[in-house]
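Right, I'll just put the structure down here and ask away after.
Labels run A, B, C, D, E and F following the written order; every chain starts at residue 1.
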Amino acid sequence: MTVSNRPSGRAHDELRAIGIERNYTRHAEGSVLVSFGDTRVLCTASVEPRVPGFLRGKGEGWVTAEYGMLPRATNTRNDREAARGKQGGRTLEIQRLVGRSLRACVDRRALGERTITLDCDVLQADGGTRCAAITGAYVALCDAVGWLKARGDITRDPVIGAVAAVSVGIWQGTPVLDLDYREDSGCDTDMNVVMNDGGGFIEVQGTAEGHAFRRDELDALLALAEQGVSELVALQRAALAS
Amino acid sequence: MTVSNRPSGRAHDELRAIGIERNYTRHAEGSVLVSFGDTRVLCTASVEPRVPGFLRGKGEGWVTAEYGMLPRATNTRNDREAARGKQGGRTLEIQRLVGRSLRACVDRRALGERTITLDCDVLQADGGTRCAAITGAYVALCDAVGWLKARGDITRDPVIGAVAAVSVGIWQGTPVLDLDYREDSGCDTDMNVVMNDGGGFIEVQGTAEGHAFRRDELDALLALAEQGVSELVALQRAALAS
Amino acid sequence: MTVSNRPSGRAHDELRAIGIERNYTRHAEGSVLVSFGDTRVLCTASVEPRVPGFLRGKGEGWVTAEYGMLPRATNTRNDREAARGKQGGRTLEIQRLVGRSLRACVDRRALGERTITLDCDVLQADGGTRCAAITGAYVALCDAVGWLKARGDITRDPVIGAVAAVSVGIWQGTPVLDLDYREDSGCDTDMNVVMNDGGGFIEVQGTAEGHAFRRDELDALLALAEQGVSELVALQRAALAS
Amino acid sequence: MTVSNRPSGRAHDELRAIGIERNYTRHAEGSVLVSFGDTRVLCTASVEPRVPGFLRGKGEGWVTAEYGMLPRATNTRNDREAARGKQGGRTLEIQRLVGRSLRACVDRRALGERTITLDCDVLQADGGTRCAAITGAYVALCDAVGWLKARGDITRDPVIGAVAAVSVGIWQGTPVLDLDYREDSGCDTDMNVVMNDGGGFIEVQGTAEGHAFRRDELDALLALAEQGVSELVALQRAALAS
Amino acid sequence: MTVSNRPSGRAHDELRAIGIERNYTRHAEGSVLVSFGDTRVLCTASVEPRVPGFLRGKGEGWVTAEYGMLPRATNTRNDREAARGKQGGRTLEIQRLVGRSLRACVDRRALGERTITLDCDVLQADGGTRCAAITGAYVALCDAVGWLKARGDITRDPVIGAVAAVSVGIWQGTPVLDLDYREDSGCDTDMNVVMNDGGGFIEVQGTAEGHAFRRDELDALLALAEQGVSELVALQRAALAS
Amino acid sequence: MTVSNRPSGRAHDELRAIGIERNYTRHAEGSVLVSFGDTRVLCTASVEPRVPGFLRGKGEGWVTAEYGMLPRATNTRNDREAARGKQGGRTLEIQRLVGRSLRACVDRRALGERTITLDCDVLQADGGTRCAAITGAYVALCDAVGWLKARGDITRDPVIGAVAAVSVGIWQGTPVLDLDYREDSGCDTDMNVVMNDGGGFIEVQGTAEGHAFRRDELDALLALAEQGVSELVALQRAALAS
């Protein structure tokens, strides 16, 4: 283990305390409160017996996501997007990422002509909200699918693998895992990595905040992410088994 | 006590289990999770050192509210208002009501040129969300004012009385207190009553859903509300003392 | 009669001069210019042979309302809502109230699969515009129903009672009826009361502007409103008979 | 006089009955109800002691216009633009035309750093609303300027000539003046002409609805418009003198 | 030829260098880059096998236009309309004009139930963009119709004449043809004239920028426009023949 | 060189024909038409002597980007974003990426309190528009900076390295460089890589379209991108030298 002086005091390859609380609210077919340290995201999965226009009559389902942040989830209050009358670019970018990531683990033909919408609402933010959202939405999705199976609506399991995500970055020259807000703000490079439980990459989004990153730094970050996601997948599995 | 066959099994004058959990999230100056049975609303109070244009330079503060409902707070998923690009009429109506109600207990001159915004976000809905929002927002407001006092920013207490709210309605001929969703849907008449701790009325909003209500029914509903609010004020006081 | 020093010089229980002019414009199925003193609202009723999606195929009709104020209906010019790109909270609140109030006097099954839209546009404002709108819209609605009956489109009368509305408030300690703008601005408490011709309450919306109101004040206001509405219902009846 | 079989029964060069009623509403600095037959437009002029950003500090005033149509001003109900959330292309086109036309008769330096907004709201439409709006707005503008003079706010008269407008078209081969809705719908060519009291053209907007129009037709239409505007200017003058 | 000291150095009746480049982009059924001097507009024609709701099932086609200007087509950068969230009044006015003008040369019954959309996007602006757009869109429309004929989708030619447009104005007392930006800004009067190849007028839109224009000035402008359009029609014909 | 059967017939590591045409339009401080094969993007750089609010008074400049696609840049017509009233998620995502990428090569202190806006408008699309936009915008940025230097507005060069971007993907098992639309649609994995001229990574955005990608595939893609970007940087240099 590399010695690290990261602000959180964690080892460079140490996740925050991860919580995955199922059935957090009662109406949704899947409802999970996921926490990555102080980051807390409520992920609900809603099943609806219809698909968007471009899929109608094709015998396939759809999985999509929406993302929001309560105005005071952060240190200073942000305008409410509903009041401003539009979702910002960051919001749209994240919800598109969450949707694509979850679709990567679903056999949409096995789902049938249904839509599962994953609403990811950040109750409290401390960095890594999109990774927490993906990780929690996967569990909510499994619960919604379980609900469909319990009703006998579907026979074949449409979930074809697990999906989880983690952020990695370079803090004062050292690659570190699962950045909190303070670390994220101070990092030169920041990468969000979405992977499946087979070690395959679904999304890799790296951004140089300060100076550009070298290929060897990129390699080190990917390795850290591989380790982090495999731990998250184990935690998802445990939560679903309980 | 009148015998009642209300769906919830409660006595006609019985509140649901009320919860008031302070410091629910960590960033806001006041953060309260209020629950009226299965209705759960996160109320945060944010202090900002400025006032809207129409108050600038007048030496007075401002208290305002915004209201939102997570898309799957309800039994079937609602469109996200941020995605639709506007807040609906019901949302605007409720947040205007919450704002007016809280301003009724604040000496805005003692607050100084500051704005306190009360964000009331419904995590789970089961009837009475606006009443829960007002009741919880009051406690969040008190915490935000306590924060200002602790910093020495204000000397005189701007909170000049407590505010709480409850719904009442007529269920199959019987006036009942604190309607849950099933009762609300089945009621002929529905009234939301906002009062202060001195027994004064701040807002009375009654609507005949089925047939119009008689004056004696209105009187019975007001009496029930008076009792309910006085219990809520006691619970607020206990929460703030703990 | 209580002595009153209200700005308008009226007795505490005295309505303003009320005018109800039918057939004010020629295209609408019902068109009424209602005036409560200097408040003038043009109420038109438009019949359309279709219903909103949620009612399609149910054999029921719909009654809805929209409200607007010309930019210079008031003392200082307000932004045009069409130019700003959205209706404000106050507008939405009022048009929801007008719609609910008018639906309360309609048997929607007798109306058949038709929508009647009540457009209430304020040409000149001097307080009480929402009450004038409800009172005038009722007459426009009757004229539109008369038009349907004259064509033989409906056989059973869908209007099952009259609806009218009036504002009441407490001016310097005295409950007064039908507030004009100056009185409204100076009142501690302001209440809008919608009732039917059987003395039943349809909507009661009271707001404490200054200090909270006591139960006995509320009782006095309701009594005044009962008297005012019964006078308005008589004037509606006279207008419809002419 | 050419014989004409126009639907209205009017002679080919005959205006409809024109009404110009000043002080129609009481709050605006100028308020005129103008009628061209069954077309009725309420034109108010509002004075505000400020100018748009691009004129600030230049010692000049601004004159602008907004146009709206009540939803049921027409034979079938139109959506309310405020509810749809935007003004349509036709509305924007007309209000830009009205604004340009009125600015053509104002010495903006003599007006000083003030804005006069002309709100033209159509209460009832029967063709020619934009021409009626311009003709009525001119009178409302004069009244607003009179108000400024009476207060001693300005010394030099900023109104440097009269402006009026009329529509002309070709009905079954015959050029006709001041089209009502039925005539307008049946015309091959439709032209709106804005002129001043010196016989100068301010705007000419001709559109071939069916086949293109020849130069000699255009000439005949312009001659009719010249006559019609001179009659309208006389009526404006009479209204302002009364 | 009248001597003219116009800024461009051109004779008073001289068009700018006109370019009509077909097949400028490869996806559209018609794609034309038209240039009037330094004004360059990309006009594409898109064929779609459907019509707007109000035409469905009537056996007629539709022709419509949209107009846009790249933010830096002009000397100083304009806000992007997509980012501001709405098209301005000038844009709507122009695209309505382009659509009406092109519909004037189309037999919509011969087109069948298809829509042809003409997108006119200004890459570089130097005055006269709407006239260039109409002139170029006509050629793009012909190419799209040629594409339909080549596929055998239509048998009868729906294009029933040519359409072109030019601006004229009065520069320091002299009527001049085809204004560039500098001339347009300095003109007292500005007129856009749309005509067909038979010498018929389709649209005439004249605006007095400074003082009103006399009838003889109007006549001189129309004569100049007639000459300019006939030259443009010849250039269109040549481009289509090549 | 790996044998490749890619649709374009190019070698697996072969860029399309790249064009960089400076001074494409005349008003902007920098104006570049960049082409990657049939993809053509007009990139203009506009200099404005002000910065957004959050930077005011800090002595730093700002670089930002906007992205748009003409409605018929693609094979089937897309709705115009200005007409729909909002920019889509894809647009916002791309323009945020372009802005971040260009800021990575600018010393904002050396730029002074100025904003450079890079408008990237796609005239014709055939895959890789965001990479072409970044590559072209860099050249436009250099031209705008050259304009500032020529005027003597800045002394120190704020451009601290070159930036270019390319897409890579896995086509039927083979990693290939610079995907056109057909290849992009058929790829399992698609990655956009933004790098500087020192071989540093600025952005890496990889997405598994079909199945997840393995670490060795990711490595091969990054190597291809490194090669492609170094060729693009050489082409940028040549264009700037000409």
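Basically, contacts are C-beta pairs under 8 Å (C-beta built on N, C-alpha and C of every residue); 3 or more make two chains touch, one makes a residue touch a chain.
Here the structure is a predicted model, which means the values were calculated and not measured.
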{"item": "Interface residue identity across copies subunit C, subunit D - same or different by half", "value": "same"}
{"item": "Chain whose mean Cα position lies farthest from subunit B", "value": "E"}
{"item": "Centroid spacing, where centroids are CA-atom means, of subunit C and subunit E in whole angstrom", "value": "51"}
{"item": "Where subunit E touches two or more other chains at once, by residue number", "value": "85-86"}
{"item": "In the complex, subunit A residues that touch subunit F", "value": "86, 88-90, 92-93, 95-96, 100, 104, 191, 195-196, 198-208, 211-215, 218, 222, 226"}
{"item": "Contact footprint of subunit A on subunit B as seen in their complex", "value": "25-28, 31, 38, 40, 42, 44, 46, 48, 66, 68, 70-75, 77, 80-83, 85-87, 91, 117, 119, 121, 123-125"}
